[in-house]
Structures are given as structure tokens and as C-alpha cells.
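The two complexes that follow have subunit A in common; it is paired with subunit B in the first and with subunit C in the second.
Up next, the complex of A and B:
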């Protein structure tokens, strides 16, 4: 209950701070996801009422963009590149390894809540494919072995 | 004496450990009581050497790379701070042919300077274009851009000057400048390198665009996948405001230009200009019908310039040195230089800025030195996920918009992704349809439905089912996508699909005779 209340007040605070910007909805959604990790369903009526939009419009925008999520992510989200340059450097094999190592598929979270896995279509690091991103940290020329050591290191941290 | 050491802060270098290397060099220098100044520069674009550490010496900047953490103490032992000999030494950076032979106009500063230092920017010819622009009329600025022959570097290659002229001549109390920084094409990273490696050049280019057409508000629509570019841009924008290069009174001229970065949210389609504007307005990124052109009715219904990062970042040098200077590079109707990006399975991946006209073969073998795997290069995809796959027989095509159009291919944003002979082109064609289905905005039927049906048909072909029916069906479907889609996503997905089918029919399990059916 307390958690819901504080979530709601965060949503309200962010929305009110940004709603006067032209085209405010994306900046608002970004700030909410940045603060909470996702965009909770009960934030939709708040945003809709503040921006004078319908709830359907707000939901429509959230669901259109791959980056916005409506469920809580794991503590760390791994964005693994699936695009052509990475494919040319063996990303499909890496992808199999990653899924096996974490025992999850794309858009899933490990049962212990530590890692979520999301596909991404190009990280702009095509000069060191295959690549991935975890938070603001970027990794190039990722091999099965280097992936394992990154995960082991991060697991110890989380 | 303080020695200046450069370790790149470009995310391509960070992805290979540059952050750790910078910290380790700093620590080791302190331990040894040596006085160094550590500068986090942009990348030179020679990624096989990253992390590339440079040391300022009396002989110029000497490079060492690729440096790993285990090499640090050995580098100090070899007196690398005085340019000492070491196994990783690559000599003076300026003498490396890959770098030396380039014609860097847009990338002139990248790798040389501290990207977020305004002093560095000014010391290396920054804001000279703006100074000239402030003394000109809007029409004169536009004339310089038109004279330069610059065409949109995002991929569509529309003449920039003509677009600007339309906005200039459309009266409105409010106009906008949008920088399309939604660089989603696989194999491209030149926008990212500019934003991380020289953010002020983009800010200057957008400011000049604002002065030219009378726009007072600019937006950089940046993809969320680029957090390092986001940070660099915001830092540089704050410094530009503080120094009077942005705001209500630019350098005392009484002219106003405000600039803000807005983040995308992982939708490839928002790189399409009308979808991008919908997104900036806070909506789903659905593609708009054209006309009206954005130059007449764009963001919030106002006249709007939408240009790619490289187009806008090329403007300052055009205004500094004049349209003719820029125009003297290039061939035919492709004027100036193009920052080419060598990616995928290539030995020397990186950024090569050259005048238009070099052949693919020269780029792949003289610059790129062949595949990274050492196997023969089977195909290259030029121009991102909507670009055609080219076989070896087309490698003598010069990089030129018209020469590529003549072989049913596109230069696009200048990204080249290399594949060796282990690639299955039918699988790449299937992936193109899958990508289109994932990223389609859903507004037009050919793209929304056609991409899903397309993937199904290619799966059937891969499984060897009814080729005599399914190959013509795929061609027919591609024809519908090509001619019936609202924008380039549906309209160009046939490029990779059909080029794969036409050039590599054997990968689809068919003879060349059947593929022509």
C-alpha cells in the first residue's frame, strides 16, 4: 500500500514537472521508467488526466515503443544486439549461449530477479561486433567466455 | 613536465575497455610519481586498435594499441610517456595510412580534441562558420549550403539547400530545426561518433540552420540506445548556453536559438522524419502522409527542417570555408565527403571519411584489409537494414548515389556490413522481413501485413516447399511492398530481400533459371 502511494506520488510529481513542455508525453514516460524501472499500469490514469489525454492514448504510446515496459525489470537489463553487423560476427551463437546461461528467453527475467534480457536492433558499436549493453555499460567483441565473466562479475555485485 | 595522454571516451572504445585503461594509466602514473594530464578524446575511428592510447611527444602524437590492462605496467617500463618503443606501438597516428589517406572535413576534430571542451573546439576552428553566418542574411547562408551540393546524409540524399530554402520561404511565426539522431541502421555509427566525439559541431550546425531559416527552437531526437552521446550532448549544450552560443542573444547578435535533446524509445521507425515528428509531439510514431512536406507543415504543424546528424555537422565547415570548398570534393552529383563506416566481418573496422567516388573494393580491401575471419567476403550490405546486398561482382561500383541507384542499391547513411562465405543469404532475407514486421508502425497494409507474410514465404522457401510457386509469390509481395508502402521501411525492405534472391539464388535452394521465373 505504502509502495503504491509513493509510486503514485512519483508519477504525479514527474508528470506535473514536465507537462508544460511541448510534446511532453515521451519525456514524462522516460522519467517515470528511469525512476521506477517501468511504467506501472496505475500511472496511466494520472498521466492521462494531467495531460488531458484519454487513457487509451497514453497506453497506445507506451505499447508502441519497444523501450517502455509495463512490468518491473530485473535488477540489471541486458540489451543484446541482434542486427546484421553482429550477425556477421556470430551473434546468433552468442544469443543461444546467453539464453542458455541465463535460462531465459528475450523479454524475460531470471527467477532470482537479477537479470532481464531484451533484444536490441543496433547499439552503434558495429565496429566491435557482437555487442551488448547493460545499463550505461557497453561491451564489444563479446564471446561466450567474456559474456560469462561479465555476468559472473555483475552477479557478485547485485 | 606534464605529459598529455589521450584515452578515448567513445563508446566503441569503452566497449573494448577504454574506461578501465584510463583509470589504470592514471593509477600507475600516480604510483610512479609521474605527472600526466589525461584527456578523454573521441575515437580516431580505427577500432582494431582500440583502446588506442596516444601520448603527446615532440615527434607528434604516438599511439599504442590495442591496450589491455595487463599491458599498462609494461608501457610505463618502456617509457611510453616519451614515445618509448613497445610491442603495441603504432608510431605517429597521423602517419597511419588508414588515417592519413582520409579527407576529414566533418570529422576534422574527432579524436584530436577533448569533445566537451569548448576551448578545444574554438582552438580547432570551431564556431568560425557561425561567426560568418551571423554576418550574413538567411538567404546567403542557404545559398552557401546549396552551392556546397550537400545532400541529406541520413540516407535519402535530398539536397539540403533546397529543403532549407523551402523553410526559409514559408512564412511562420514559429519554425523548428530537428536533428534526426535516431541512427538505427546496423553498420552505422558515424552520428554516434560525432555526438560523442565533437558535440559542438552539431550544435553549431543546428544554430546556423536556425539563423538561416529564422527558426528559434531546435530539437535533437536521439535514440535511447546512445546514453554516452546523450551525456556528451547535454554537457556541450550547457556549455554553449553558458558561453552565449545558444540562448536569447547569440554572441551579442540579438538572435535567438534554443536547443534541447529529446530521447526516442527504441522504435526504428522514428528515424523516418514524419514518424519522428509524431514522436516528438508525444504520440505513437506513426508515419504521416506526404504532402504536406515537413518543410511547410512539420513539427506542431510549423515549417521544419529535419536533417541527419552528419548533414548538420557538415554545415559549419561549409560556412567557414564556403560552399565551393566543400563542393570540390566528390564526383557527379555526389559532392563533398561521406563518413563511411566499415562494420561486421572486416579486419580493420572503423570510420573512413572520404570524398565520394572510391570503389567498394578499395574500401573493403585497401582500408578494411578483407574479412576478420580470413575467409572470402561473400556479400556486403550497404546502407543499413533496408540496403541491398551486393555480391563480389559489384565491388567495383564507386560510392556515389547515382552509381548505386543504377545497380538497384543505395548508399544510405554510408554503413557497410561485411559477411564472409559462411553467411546464408536466404536466412538474411528472412531476417529482413522479420525486422520489418517488428519495426513496422502498422499504418499501411503492405508493410504491416506484407512483412509477416513475407517472412512466412521465405521460411517455406528455406524449407524447400513449392519453390515454383513461392518464389514468384515472394517477388509479387515485394512488388506490393515496394510500390504500395507509405515510407521507406516497407518500401525498401525488398532491397535486401530481392538482392539476396537475385545475387545468391543457390542459398534459396534454386537455380538461377528458377529465380528469374
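Up next, the complex of A and C:
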């Protein structure tokens, strides 16, 4: 109950602060995801009513962009690049390894809530393929081994 | 044929289409121009009354000199363009689109949901065979809505439903979510349709080209025997509808291009017709068993056989008429009264009032106008000399400012509301004034949620500002009005600063609204029962009229005064004299000149005194003045205020004749019940809120032995000594034309041909006048009168014992006392139970959970219903519809009357509310 109330007030605060900007919907969604890690379903009616949009329109935008999530993520989200260059440099193999190591598939979160896994289509790091991003950190030339050491290190931290 | 009449006066652009020299009117697309020249280019995402979107690409054409094909639904031709719609390249592309879309269909075959799939039509016409492509994985059916089946496996994502929902009706439910091959049509946040905010207007169903959205129950797979062009039996907007009929049953409906609806319909008009097929319809005349006394309780239908027996028509008519005759002859002419119906046709209403005036011999005839716009009409007659609306609803498109006061149009005039929303989208400012923040508030620039009962203070404050800031239209006032100086003096006491604390709206907002209204190029006022149903209802309307007069916001397009009529024929029933003080065309019964006119026309002697109004009749029964009544299609046991009192009166009548389609709450008190016909079972004319007389045509036959009302009224009249022989509605209409100057030039033939004509139409061939008062008013002086109104309070104010305010009204799915809509399985399924709406904080204070039971009690009665939390309801007030007999809101309401119009104060009484209680047993 308390959590919902505070989530709702965060959503309201962000929406009201940005609603007068032209094209306010995307900045609002970004800020909500930044603050809460995802865009809760019950924030949609709030955003819609503040921006005079329909709920369907807001849902349409959220569901169009893969980056926006509608469920809470793990503590850290791993974005693994699946674009052409990374694939050419063996990202499919890496992908299999990552899924096995974490025992989860894309769009899932580890049972301990530490990691979520999401595909991404190009991080603009083609020269260092295959690449991935965790939080604000970007990693190039990722191998199975370097992935493991990054994860182990981060697991210890979290 | 003209595909697009709106372009017809535009300059022409010549171009070549498949080698033929043709032209387009400026603004027309290639597709539209081709269609006008008789050439159909395949299209799916394009529909005549929706914005072209160009997403399906089935309509591509080749334009000489251009590299790529162009969608003809979006592209406008330019002079000299050489266009090929039938070149090999264009046709190959058109066919490929159709083939790809067909590969998405269930089993890659014809639509399993409709016989009229446009995709199937074009695929067959273009000779597209079995698709060569793999099918897609198909979504599940969504059958969660009682009125609409959603089968997105037949969806081609043309987004016609989305445009119909968002841009046409502006209900904003349908969206387009996800992307790429995952794209899909969704309701709200991908909710099941039945759980979404859908209001079931069905515009999406009408727009869908493939049957992915269809009326529930697979009716699209049945071939209709016939279609009937008629109108709608519900509200005063008067949408024109096409009924598809099979085996004497209505299968489904379709909006027609009527002046007031342009193909649009709402949930009631589109899906609410099936009450007529309810097995509970009355099919045989019933007579009260001898010796069975009447009770003041509502009749339990299970006890029907104990209280009534079946009779032949002959016996029932004799019994009905003899009972009335006996009272008339023994106790005098004024011992009888009649209630006619605003649901019947003009012809029925005309005959009914004539029957009372001649057969009963008094003016004791009224109908539900007394309970809705009586006060508006009294004020309009007094100030402007005519009770009619000045401008049609469609004028909102031309207004700069619209004041909507005391009206909830999205609920009560849903199709009219869509045009208001459309106008707002184009920049018209809507000023909503209402104690409840209703759905149209979303489109309003100003929402004045004032305290209930303070309309006069608020409106006087607005007028004070106009004069204080010298914004009045002096030229108009001088030329067209009288009594202005008195008004000016009167308004001195009503500064915005003074009225602000009374009505709960700050002075600055009042001033802003005043400036907006007064200075716009066109300002229109639309109002509803929130204005009229007060003991100061007439005063409220006087203020609105004065506001229009002092600013000259009347008599031009996009201006004027529009009391939105409730019933489909409340305008007409009033016009033809179903009112105790006036004959047809509002000619006073107390004016010897008019009495002489009707005595001559009807060849009879008439009562020179005005008769009793609806609520006065109830009092007169208990006072021992009225002993017998004839009630046709009205339901006072539900609709009258302070019902315990009204029901006691009805039960004590010596003789009550009820003519209706169901065993209504009122019918339970009858001595004889005559089974009548529903709207769809007869032909007649109906006058809508815009003064449009429209043709309603019979689509099906009445069930069992039920008879058409015109016949029943005539049979009763004959037995009361009237020598009548009308062969049908046309005969009656022709007599009405002799009586009424307003429709003297309106011929039955023209109505048959054109379906809809606006009066005044005095001479044959006249076009009719949608806008009146363009040059003064039909008063004795030709001027409009200012009538000052002082702020007074409601009859019963909240106090310590009864601290809350109870407001009654209607709901989208239910019509008035519910005798039609609660018998419609579709509408009843959408809104099945009685609900009282409160502000969530009030609910919390009372300790009631939303969905829990709440009891509302006044000095007169109490009810229990489900509680609903609504943010739009003002704190300290409760809102409830009056259609639920298991929790009848009129048990609670106050029967205090407006002194001028005799309208009861349904919009305000003091109550207390507490948790608990259960609704009574619902009576069907």
C-alpha cells in the first residue's frame, strides 16, 4: 500500500513537472523508468489524464519502444547486443553462454532479483563487437570469460 | 452519384484516369473523384466518413512521371496528371496487398464473422485466389463484452476502428500497441473489451471492414429479409438508423447519414433495440380480477395471475372506456385525467390530447415534459415567445464558445456530445458548468464545478461582469430586447466577488468566463435537466436567456439557446399540445381566440380552463378530485418524485387504464392493462431536439395480440363518443397540419422522401428553418424580454439530521425509468445493478467500500444500492439514476414544485447516507 502510494506520487511529480514541454510523453516515460526502474501499469491512467491522452495512446508508446519496461527489473539489467556486427563477431554463442550462466531467458530476471537480461539492437560499439551494457557501463569485445568475471565482480558488489 | 457533397462547390481539376479525361473538385482525393466517375479502386483502410490514413496500400495507383505508386485515398490529383488505376503494375500491387492481408485471415479464407467483409469483396472482385503466404499465429477471441465480439484473427490493422473511436466519436478507448509483426489493436492498456473504458457506441464495429469487430451473437452471419430506414427511440438527438430485420426480429442496426448523427450512434440506439423481443412483453389485454384490492406496493410479476386475468380486446376496451365514462358522467369532466407519452409519435400524442380534451372534456392532459424541460419552456415562452430551440446541436461546429450547463451530454445525448468533442478538438472552447465534473470536462477549457442549487447566483455574476466591463451588445439590446434597464439595476447586487462564496467559484474565473462568452464571434448555450429540475428551474432558464440577449449571442449560426431535449419526441409531444395549458403550437387554452379555433376544427365545445399538470394530478387524486386516469406509455410510479406518495395516489384511483409494452411499475396499479406497440412496431413522425420532424417506420410487427397505439387511442375515443376514423398516421398528420402553422407546409410525401424536415415550415416547398430568432422574436412586441431572477435556495436544504445532497439523473446504458433498457438483455448486462455515486473521500468517511452497500434516506423514503466511487462527484453530494425499481431514487426525492412551471426538484434534496442495507427485490 505504502509502496504504491509513493510510486504514484513519484509518477505524479514527474508528470506534472514535464507535462508542459512539447512532446512531453517520452521525457516523462524516461524519467519514470529512471526513477522506478520500470513504468508501472497504474501510472498509465495518471499520465494519460495529465496529458489529456487516452490510456491506449500511452500504452501504445510504451509498448512500441522495447527499452521501456512494464515490470520491475532486477537490481542490474544486462543489455546484450544482437545487432549485425555483434552477431558476426559471435554474439550468438555469447548469448547462449549468458543465458546458461544466469539460467534465464531474455526479458527475465534471476530468482534472486540481481540481474535482468534484455536484448538490444546496437549500442553503437560495432568496432568492439560483441558488446553489452550494464547500467551506465558499456563493455566491448565480450568473451564468455570476461562476461563471467564482470558478473562475478558485480554479484559480489550487489 | 456525389461521393463527397462537401466538395461540390469547389473549383474543378482536370486529370486523366486510365486514359479517360475526368475531373476532381478541389479537395477531393483520386479515390473519391474516381468513385464519383463510377470507377471503384480497391480500398480497405479508407472509409468515407473517416480521415484517410493510407496504411493498407490496396488503393495504390500509378502516376505518370513518379517512381513509386501512390495511395489514391490520400493523394489529390493535380491539373493534367495522368493516373493509371488499372495498369498492370498498379493492379499487381493492389492484388498483392489483398493476397497478403487474406493470408492473415483465419484459415486464410473468407471472414468467418461477417457476410459483408470488404476484404472478401475486393479479393473476389480482383480475382485473388488462395494466398501463397504462410498464415500468422492468431490471437484468441475476446468475448468479454455483452454487445460486441472481438475476433482479432480477422483484423487487418487498417485502424478504421481506431479512427472511429478516437477521431469520430472521441471515446479514446482503442489504441494500436507494440510494433512490427506484433502490432495489435488494443482497448485501453490491452484490457479485455468488457473490462475497458469502452462505452459500446459500436462505431468501431460499423467501421470494421472484415468482421473482426461485430455485434455479439454472430448476427453478421445471417442474411436480413429486409432493411428499414427509421430513427432512434431513445434521446432527443434523433439519429437516423437502418434496421436489419429477419423473421420479424431486428438483427442489428447501422447508423445512417442523418443531419444530426452522420452515421454515428450510441450504445442505446445501436444495441438497445432488443427489449422489444423480451418474452416479458405484454401480449394480451389484462383486467383486474374482481374483488382484488390494490396495494400501494409494486406488483410482483409472480402475482400477476392472482391480480389480473386475460381478456379479449373488445372486453378490455369496453371495460376501460366504460370505467372512464362512468366517472366522467357521475363525478364530472374534471374527475378524469390523462398522461400521454413523449415516447409515442406526434400523431399518437396529438390524438391523445384530442381524446382528453374532447372525450374527457377537460385539459387534464400532460406528459413527462413536466418532469424535464417544463421550466425551460415556460421561460422561453415568457421571454422569447417560443419554446423551441434557436439553433441545432450541429451548430456547435460553428461556435467559438459553448457553455454546457446542467447537462451530461456524453451520457444523455451521446451522439450530440461527439460533435461537441469534435468542435473542442478544432479549437472551440467548452465551458462546462455543473456540480458534477462529467466526462465532457476532459474537452472543456473551463470547468466550473459550482455548488448545487446556485445557478442563478453564478449566472447573475457572469451577467454582472458583462455589464461592469461594458461587454454587452448595445445595438442588439436596443433593436431586439426590452426590460434591459430593469435587468441592469437588478444585476448590481450580483458582483462576482459577492456570488463567489455562494457558488464556490472564484471571482476571477467567473469574470474570465463572462468575457469569453460575451466577446466571442459565436457563443452557444446548451443545457439539460440540471438547469430545469429545480424549484428555481424557470429562474435558471431566465438567466440563460438574458445572458444570450444582452450579448446578442442568438439568431446567428453558432449561437443561441438549446435546451437539450430528453425523449425522442418530447419536443413533438409538446408541440402537438400534450400539455394542460396549451393546444397544438403552444396556443393557450385560456385564450378565447384559440379556443374558438379548435372548437371549430374539432367541432366540439372545449374547457376554457387550463388543466392539471403531472404532479398536480397525483395531489388531486389524494384530494378526492381525480378518480380515473388513462396513462399511455408513462410510468409515474417510477418517474414522479416522492414515490410513496405517488404510489399511494395511483393505488387509490377508482379506475386506471394503463397502455404500455411491459408490466411497468405503474401498470401494477391498473384496473385494465392494454398491450401496446413499441417504437419499432409502428410508423409515425418524431420531432427531435433540433425541431426536426423525422419519419419513424415500422420494422417489425407487435408481438401476440399487442396493438398499435394509434388504434388503441382511437378505440377508446370512439367509446367515449368521439366519431373518429383515422386510417393511419398520415390522416392524423394532415389534420395536425391544419391546426399547426409551424408545420402547415410539411407534407407526408416529402417526409417519406426526405426522412427529416425542420420546422417552421409554413408553406409547401419551404426549406425549413434550422436557425430561428434571426430577426427578433415572436412576442407581442417582437422583442425578447429580460426577466430578472433573484437567487433563492432549494426547497429542502441539508441540516444536521440530513447533511448530504441527493441529485438524480440518468446513466448511459439506461433510459429514464428503465422500462425499455432494463428489458434489453444487452444494456442490462452492461449496467445490471443500482448504484449510488459518491466522491471517494465521502465514501471513506461513511466507511463504505466501493461496491459495498449504502443506504440513502430522506424525510420521504429510503433506498439501498451499491456504492460507486467517482472523482467527478462533488463532496457532500450523491448521484443516482432513477431507473432501478429495487432502489428507486424517487422514493427519496422531494415533490416541491417550481411555481411557474410545476416541475419538481429532482436535482436537490437533503438526505443522510450510511453503510449497509440491501436493495429490494428487482421487479421485472
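In this text, the second predicted complex is superposed on the first by the 158 of 158 C-alpha atoms of A that agree within 3 Å, B and C clash if a C-alpha of one lies under 4 Å from a C-alpha of the other, contacts with A are read in each partner's own complex, and residues count from 1 in each chain.
To be clear about the criterion, a contact is a pair of C-beta atoms (placed from the backbone, for glycine too) under 8 Å apart; a residue touches a chain by one contact, two chains touch by 3 or more.
Predicted model only: the values in this text are computed from it and were never measured.
**Q** I'd like to know which partner A:60 touches here: subunit B for first, subunit C for second, both or neither.
**A** Both partners, subunit B and subunit C.
**Q** Mind working out whether A:30 is in touch with subunit B, subunit C, both or neither, as first, second, both or neither?
**A** first
**Q** By the touch definition at the top of the document, which applies to A:44: first (subunit B), second (subunit C), both, or neither?
**A** The second partner, subunit C, only.
**Q** Between subunit B (first) and subunit C (second), which, if any, makes contact with A:52: first, second, both or neither?
**A** The second partner, subunit C, only.
**Q** So, A:120: does it touch subunit B (first), subunit C (second), both, or neither?
**A** In the superposition, A:120 contacts subunit B only.
**Q** With both complexes overlaid on chain A, does A:139 touch subunit B (first), subunit C (second), both or neither?
**A** first
**Q** Which chain makes contact with more of the residues of subunit A, subunit B or else subunit C?
**A** The larger set of subunit A residues in touch belongs to B.
**Q** Residue by residue on subunit A, keep only those touching subunit B in one complex and subunit C in the other, then list them.
**A** Overlap of subunit B and subunit C footprints on subunit A: residues 57, 60, 64.
**Q** What residues on subunit A touch subunit B, complex-wise?
**A** Per the stated touch rule, the residues are 22-27, 29-30, 51, 57, 60-61, 64-68, 79, 83-89, 120-129, 131, 133, 136-141.
**Q** For subunit A, which residues count as touching subunit C in their complex?
**A** 41, 44, 52-57, 59-60, 63-64
**Q** Name, in rising order, each residue of subunit C that touches subunit A in their complex.
**A** Its residues touching subunit A are 166, 172-179, 186-190, 197, 442.
**Q** Which part of subunit B faces subunit A closely enough to touch in the complex?
**A** 11-12, 14-16, 45, 47, 50, 183-189, 191-192, 224-228, 262-268, 279-285, 300, 341-345, 349-351, 372, 381, 385, 415, 417-420, 423, 428, 431, 435, 438-439, 441
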